[in-house]
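Read from first to last, the chains carry the letters A, B, C and D; within each, the first residue is number 1.
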């Protein structure tokens, strides 16, 4: 009855099958037939020409994405709880050769045009200051919430007005789209996203994420950047296979719906304890130490969140019995 | 009647004289007789063995100092108004190869152990987070205030306890020491400072600052770092000459006292308008737009500071008549 | 009948089995039970305490290894045909923050103490020059040859004498050990190697290589470096599983022997055409354009090597019939 | 009677005078009236629109220039004896974030289209290799020779054909132009140079070099790059003053002619010993250890050059008696 994270969940059987089917003789790196299909596959998903590339981790995807849109002497605005700010050991600084992260606060894990304006207003536009050159938002956010298409577009409008670029960390993009019920494009590129880290690992893949550029010009040096970072795998066909399996028949959405459903069910057990709306596959609850201990004694695994909180994460393969048991246990507290 | 900054003030006649006296045949780089005297000169000033090196700018001094004490995957705690954070175009990120600046708030330009604790308490000590590895404080601070020896020592104690290093940005170190009336060591190394950017340019030099390491081990690669950054001048004797002239007969302290006195005199004209105590050579005053316009019409030059404020900076060569006139004009407002 | 490379060959069934067995619930990153066994597993292999870490590619392994032993202002001596010099898109420069590669020539892909001395003799040891701080050798070499233990030790002695570190790019380390018939330690650490990129991908794994530090002090920041580079996979258990499967029962040696045997068999077909001794799983032959065309017409795949040469690489799953056919076809030319 | 180098020679009286005249109240950084004149001054010199910026050292000028024309994953072709390769402690690698230097041999310090072709022909244009993106030539070269306009243009044609950029390290550009007797443009931009490090320090200035971009688009981020590197001096007017004084009345050419004349006079004493033609202000002579010792006993200072050679460098203030004495001493050997 583990709700620690979705990031180490089992690999989906269809992903396993696709990987095994990929084990024939193929040219190395991304010269295989599967990797060659990525651009088209994502162009289909988003309804416009995309350049897509596989990488093994979300951190690599984010860092490569940022390096394609920000100069070393500029900055990236992000939420103060963003993964790039708090969970990547400075990877953005490494890949961008020193560009600054510029964190802003924001309710429920979202940043707003107002928060951006408050950060940037005092920044003199001269040679001494580090100015922003990009914004990075997380869809779904670190608080388990989702930016509506209008909210994405509001951020995108700021970026466009300022001449900045917009990155979306979509480690849980599938959960966001599943929640919104809109097209993948509406949740991202239609609102002005330039480059998307499209996550699969938390959603049933083994070790393949996709970097998707909606502006092909930004992807011009992407192949070199990936190779230079040691992320060009010689048997890349196995990463392409994972991604194509996830896209096939919208497995990515089905998996995300399963995880989202489980999270909502958990939330029904403790509607008054919610720290944030439950819009994806994460449930943040106000639970004091005694309550957390009681849950753990019943066999539930989860992370503490701050002093009086806890985070429960559901995965594509959420166990229905465990989910139901947790909802009931929460209701009983 | 300019009070814009001290950073472009005239060069002191004794500095000019020393530079001209240095124009004989000498070996290049820092192999000349003057550069060779720097270690000893600063060892005298601080009463302990120092390693010192000239560089042309405070930004270079700070960035080289930080690069000697922080790994690329770690961070540097600093005040949110620190020069390294706001006025160096990301130089620390460049020189440290991507280490993060971790700004904290603090009254009157000073950071405190409490502010540091508040920042660092939530940082998990794992491989995902960027942790601090150093603290940088500014003496005198960006708010024109000075850390007392006890305040420095309190920060130094945090650094020592955590196994971090302590950098002091002393662009106006002279003004701080002049204010404190203590030994240079008491204002810095006695409180735990490991490396000091000792400023001279704002205090009568032309283009020579000193980097002073109190822990020689940290300076091991300093020569390479300076050269690699293009900061090893072939006629380095002219930088050494400036510094030695400033140290000779404590010219640095005399110059700083002059600037500090002028600032205090200005402050007497508007004691109720002070945004911060006047402890060095900067005066921050609450002045609305109309008041600022009135002053400017009388010929006073200064920078706006926020919406309803202004900054007046005095230099070593402050004009007494102008200072007196400004104090009176302020009193009249 | 493909002899293009070993880098995209099929995954060994035992590796597949181990990966599938690893798909239970496990903590993320390298906190799983399999990753926890790596240090001990390699300590067994080398007969001394090792620190080991998985990464997805040989380029990442090499670049992380070099970054742990060379400062940004120093250099790494390597063979002019080394993978780090010619096949990694500058990854060493990225990871080391600008350290220089210092290529030297050398017969049959090996560098010698003499070549190193010739390179370094003219380098003044002053602040202006980039000096070496490390040597990197490839075992087996890019020419398909193997350093004997004595040859490794001769290079190691130079490193020790100079206070430099020694890295071994062991993308085909298995083939080298299989050829030498000595202990893995004799082929590496006994000769002074400090850190080894131990390759598995070319030898039956999918996407897992090992970084093995023989001096644990060098690995102190290895976890941060890997994470910062985006190479810490959340389902790292699948990489650990591959490596442990390869080490189990010495599968790595059995696979390498198979590949080496196939290469030797090919060589028997053209003993007079050999450009280098065949000591691992690569055969370099003098073949003119007409001869190459003739072979390709018979269905053999391989890379041209220079104007009048060709490279044939065998893998763990070399097809005996194809190997025999190639040997005969060569003999017929 | 020192002929060690020109890099530490005295400062020209007119430069001193200009610096002292610059010591009035001026806005900081490069907002002063002198710095504002640089673009126009160099546009006059080269007869076309230029963007120019002062920096304190030739190493900084070269590194900033290269960073403006080469991506981190590409390389810069240069002569194997180039200053950027041998005398800058890896500054190009630091400023370019890891781009590779690609040295080529060449008689008399010059590189040729043939040498470039020999280097680049074997470089596969794929994602694994580091390809060139720029060429850097030194005018006058490290061998004291000068590229004719036709030779520059031949290199420039290669750059243009390949889509590369061309940098000229003009630490001794004045000596080259003085030798050629052509326009400064003919010796540089007319042949395809994109950015020039225009040296003054070796020719009578104190610590001011100029970076001159002939393609303004390349200079777009130059201000940020200089600031980020700690090279934006707050009293930049003193650097601008030096440069303007050197350009005024073609002092730069007069000084260079003086140094060149002295070098030629020295060469007359040993025409059979010349290792390279004497075209600038450096004389390389075959002199064995005994001969060098004899010269040193007579009071002449110079550097050994290899095992059986010596380098004599003349400066703008070459002492005529010493020059004559040296020529005679050489003739007597």
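Operating definition for what follows: contacts are C-beta pairs under 8 Å (C-beta built on N, C-alpha and C of every residue); 3 or more make two chains touch, one makes a residue touch a chain.
Here the structure is a predicted model, which means the values were calculated and not measured.
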item	value
Selected pair, greater C-beta contact count between A-C and A-B	A-C
Farthest chain relative to subunit C (centres taken as mean CA coordinates)	B
Distance from subunit D to subunit A - Cα centre to Cα centre, in angstrom	50
Mean-CA-position distance for subunit B and subunit A (Å)	42
Between subunit A and subunit C, centroid-to-centroid distance (C-alpha), Å	34
Sites on subunit A at which at least two other chains make contact	72-73, 88-90, 94, 97, 127-128, 224, 227-228, 232
For the subunit A and subunit C complex, residues of the former touching the latter	2, 4-5, 7-11, 16, 20, 23-28, 32, 55-64, 88-91, 94-95, 201-202, 206-207, 224, 227-235, 237-239
List of subunit A residues in touch with subunit D within their complex	29, 71-73, 97, 127-128, 221, 223-225, 227-228, 232
List of subunit A residues in touch with subunit B within their complex	72-75, 86-90, 93-94, 96-101, 127-130
